[in-house]
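In what follows, subunit A forms one complex with subunit B and a second complex with subunit C.
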Partner chain A sequence: MEAQLKNDLVNVFKSKLSSQMLLNLDTCSRCGLCTEACHAYASIPLVKYAPAYRAEVVRRIYKRSFTAQGKFAPVMGEAKEITDAALMELKEAAFSCTGCRRCMVYCPFGIDTQQIMSIAKLLLVAAQAEPETLSMLADMSVSKGENIDAFKEGFLSGIKRLEDQMIQTWRDEAGEDPIPTDVVGADLLYVALAGAHSIIPSARIFNAAGEKWSLSFFEAVNFGAFVGDPTKTKLILDRIVNEAKRLRVKEVCICECGTAVRVAKQLKGAPFKVVSLTEVHARYIRQGRIRLKKLPGSYTYHDPCQIARNGGVYDEPRYILSHLVNDFREMSPDPKYNWCCGGGGGLVAMGDETLDFRMQSAKVKADQVRGSGADVVVTACENCHTQLSDLNKHYGLGKEVRFLSSLVADALLPEPQEARG
Partner chain B sequence: MATLYYLILVPMVYLAVAVFVLGTIWRIGRLLAAPSAPPPPPIYPLRKPAWLFAVGDALLLPTVLRHNFRLWLALALFHLGLLALLLGHLELIAEFKILQVVPHGIFLGHGFVGLAVILCLIYFLCRRMVSPTKELSVPEDYLLLVLFLFTALFGAQMDWARTWYDYSSMGVDEYRAYLSSLIALKPNIEGVTSAGHSFMLVGHIFFANLLIMAFPFTKLMHAIFTFAMNKFRRG
Partner chain C sequence: MSTMAFDKELDLRNLPCPMPVVKISKGIKEVAVGGVVKAVTTDPGALTDFPAWAKTSGNQILGTDEAGGEVSFFIKRMK
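Here is the complex of A and B:
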């Protein structure tokens, strides 16, 4: 590795050393309690998958460049220079971690491995060694934000096709404008994913609830966060923020995408509230704005880590399910300890490239799903849905994997005529 | 030998205290001077008041209790033992009435506290020799445990060593005279270097000095950082 690059990488590392990051790096006692918290280690018991080991890969570089111990007695902490080999280790550490933060629940200090992995990802970006797929996807999202006019026409014609589908299926709820876009003064801006599955069921529910809403021109998923590039993360998020400000909405509702919910909820000082789709649906039920029929079969719910453990949305999906099904079975006695699906942190977005690892590292999740005994696995995150579907196929679980929003849409009861006016 | 004893019992003690104080201040100052970043989300569900639960997490180690009872027991015994020993050392400097709520000699526990600490340290060392903790460990982890172990061994066995001389040489009065002289910056090591088992005291202080000096530059800082870390987790 060239000296200049090494120097640049040390400076990039330094840019991440906030007080909280220093605490994360300086506090670990390597007690190893976190090892059993990680689904990857629990499924593939190799120490390189232990959260503390992943963090050590970053910490060793930190010690060498930024601590007295690392400078004067590097052997004590196995401090290391940044080298090409170290970059390879960083890549394996960062992209075998889904950022679920289950290890944080076990750690006696609450060390945030995901935060430490954000250093690894940033160093990879700076060294242009990040996964190309994620980088390309992030660039495309940024480019869409910069050239929205070029994308608008194609987007609107796609929406028109979806509207036709909606009118054919749900003539009553569809109304005159089944999927409104660009509505200035809308109460709610819905940020979906690219794909009918993320738009049609939600549109049906918004319309049934009488919501004054508008569909965002942009997709919710933030590939910048997956790749670990804070500049791109912000640019991708800014597209939505600017649209929400332009439309003067009161609320931005993020679709079933864990990372998008987490990134958007971290916004500070925005003139609108950020909510997840699940929270909005629970609110509609609570307010009597939608009514649901009970669905047959037994159901279990997979808490998406970014929405539940890292977002606090535990009760809402269970509240919705209590209105949807009679036979609900928890996967874990305490949802805080639910296993990660193994697909987060950009692993699902990397597609087949990570498939083998995703299947092997999430064996404990497959066992947990099987152990629930339910027929249907419900979740509220695109990544989790894809990963659970892959696990279902790989391990022959014989389950049906459903989005919570699509269940709600399927169970909608027609509004009484008198209420419709 | 007398010079070596003097170097360990006087200049090295002052050096250790200076390194500990300045090093700890530097570490905390470095943290405070670092830029603050928007905090990442806490772990949900939240419980209020967060600071109180964070203090509980730091002192009672509930996550360890839940996931590894044996480790929790050893950690609890070790840390409580350390606390009792630290209080005992304070009583070697002067008498504190408040510490005599439970009437006792200089150290609580009739030597069992030191023994418990030693057993815990042996357990921690053994644990570090077994996978996966073995692979996670770095030399610092072993070194600190060994320093603790030697400090505890030499310290805890001092009373036993006195039995070699029918308790007639080097007791509490001598320890007090030595420590008080250090605090008064008029070091006097006469009473603690003439006994046959003085080497036990010198060994104890030597390893304690090393440990104290290592504190600010090693993971031992978790003793301070744990409160802030747990507060971040609690939100």
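Here is the complex of A and C:
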């Protein structure tokens, strides 16, 4: 590695050294309480998958570059220079961590390994050694924001096709404008994903609840966050912020995409509220704006880490499910200890290249799903849904994997005629 | 348009996000430079994702063909 790049990377590292990060880097007592908490280590007991070991890969570089002992007696403190080999180690550590923060729940000091991994990801981006697929996806999203007028027409013709499908299936809820876009003064901007499954059930529910809504031109998922590039993360998020401001909406509702929910909820000072689709559906039920019939079968719920552990949304999905099903079974007595599905952090988005690791590292999740005894596994995140479906196939679990929103749409009861007006 | 010649066909129907783009970005590398991939999609988002991906990756969409709720893209590998 050239001296200039090495120097640049040290400066990039320095830019991440907030007081919180210093606490994460300086505090670990190596007690090992986090070790078994990581699904990757619990499923593949190799030391490289232990949270404290992952963190140590970053910490060694920190010691070498920023602590006196590391600078002057590197061997004693196991300090390490940034080299090409060190970058490879950082890549393996960061992209085998889903950022689920289960380890943090067990750490007596609350050390945030996911935060430490954000240093590793940033160094990889600065060295242009990040996973190619993720940076390609992030570039595509940024480009859409820069050229929306060029892409709008294609998007609208795709939506028109969905509207035709909606009218055929649900004439009642379709209304005059089944999937509204670009509505200035709408109350709620819904930010979905590219697939019909992310748009049609939600549209049906918004219309049934009488919501004044508008569908965003942009997809919710933030590939910049997956790759760990703060500049692209912001550019991708800004597309939605600017659209929400232009339409003067009160609320931005993010679809069932965990990372998108987490990133958007971190926004500060925006003139609108950010909510997840699950929170909106719970509110509609509470306010009597939608009514649901009970569905047959037994159900369990997988908490997407970015929405539950990292976003605090535990009660709403359970509240919705209490209106949807009679037979609900928890996977873990306390949902904050629910295992990660093993698909987050960009692993699912990398597709087949990560499939083997995803299947092996999430064996504990597959066991947990099997142990629930439920017929249907419900979740509220695209990544989790894909990963759970892959696990279902790989381990022969014989479950049905469903999005919470699609169950709500299936269970909608028609409004009494007089209430429709 | 459906008669446009192509070297490889990719079935990208009903895939979860972001697989259509991931698979086209890998699939395009399986034809020689100048070769054409036909990608069949069902996602409304593909209609914005594919042009944006083509722009950033330097490939060229020669044309699209819409029929029965499906959109086929004919994409030429440029580099």
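Here is the rule we use: the second predicted complex is superposed on the first by the 421 of 421 C-alpha atoms of A that agree within 3 Å, B and C clash if a C-alpha of one lies under 4 Å from a C-alpha of the other, contacts with A are read in each partner's own complex, and residues count from 1 in each chain.
Note that contacts are C-beta pairs under 8 Å (C-beta built on N, C-alpha and C of every residue); 3 or more make two chains touch, one makes a residue touch a chain.
Everything numeric in this text was worked out from a predicted model, so none of it was measured.
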Partner with the higher number of touched subunit A residues, subunit C or subunit B: B
Touched partner set for A:V183, first subunit B, second subunit C, both or neither: neither
Which of subunit B and subunit C A:K268 touches, first, second, both or neither: first
Contacts of A:M21 with subunit B and subunit C, given as first, second, both or neither: first
Touching partner for A:L295 - first (subunit B), second (subunit C), both, neither: neither
First (subunit B), second (subunit C), both or neither touched by A:T133: second
Which of subunit B and subunit C A:I159 touches, first, second, both or neither: second
A:L5 touches, of subunit B and subunit C: first, second, both or neither? neither
Contacts of A:D112 with subunit B and subunit C, given as first, second, both or neither: first
Partner subunit A, residues of subunit C touching it in the complex: 14-23, 25-26, 42-49, 51-53, 55-57, 66, 69, 71
Touching residues (chain side subunit B, partner subunit A) in the complex: 27, 30-32, 34-41, 43-46, 57-58, 61, 63-64, 67-68, 71, 131-133, 135-141, 143, 217-219, 221-222, 225-226, 228-230, 232-234
In the complex, subunit A residues that touch subunit B: 17-24, 26-33, 35-37, 41, 45, 47, 50, 52-53, 56, 67-69, 75-78, 101, 104-112, 114-115, 262, 265-266, 268, 308-312, 314, 336
Interface residues, subunit A side, partner subunit C - complex: 133, 136-137, 139-144, 147, 150-152, 154-155, 157-159, 161-162, 165, 193-196, 198-199, 217, 219, 221, 223, 257, 349-351, 382, 385-386
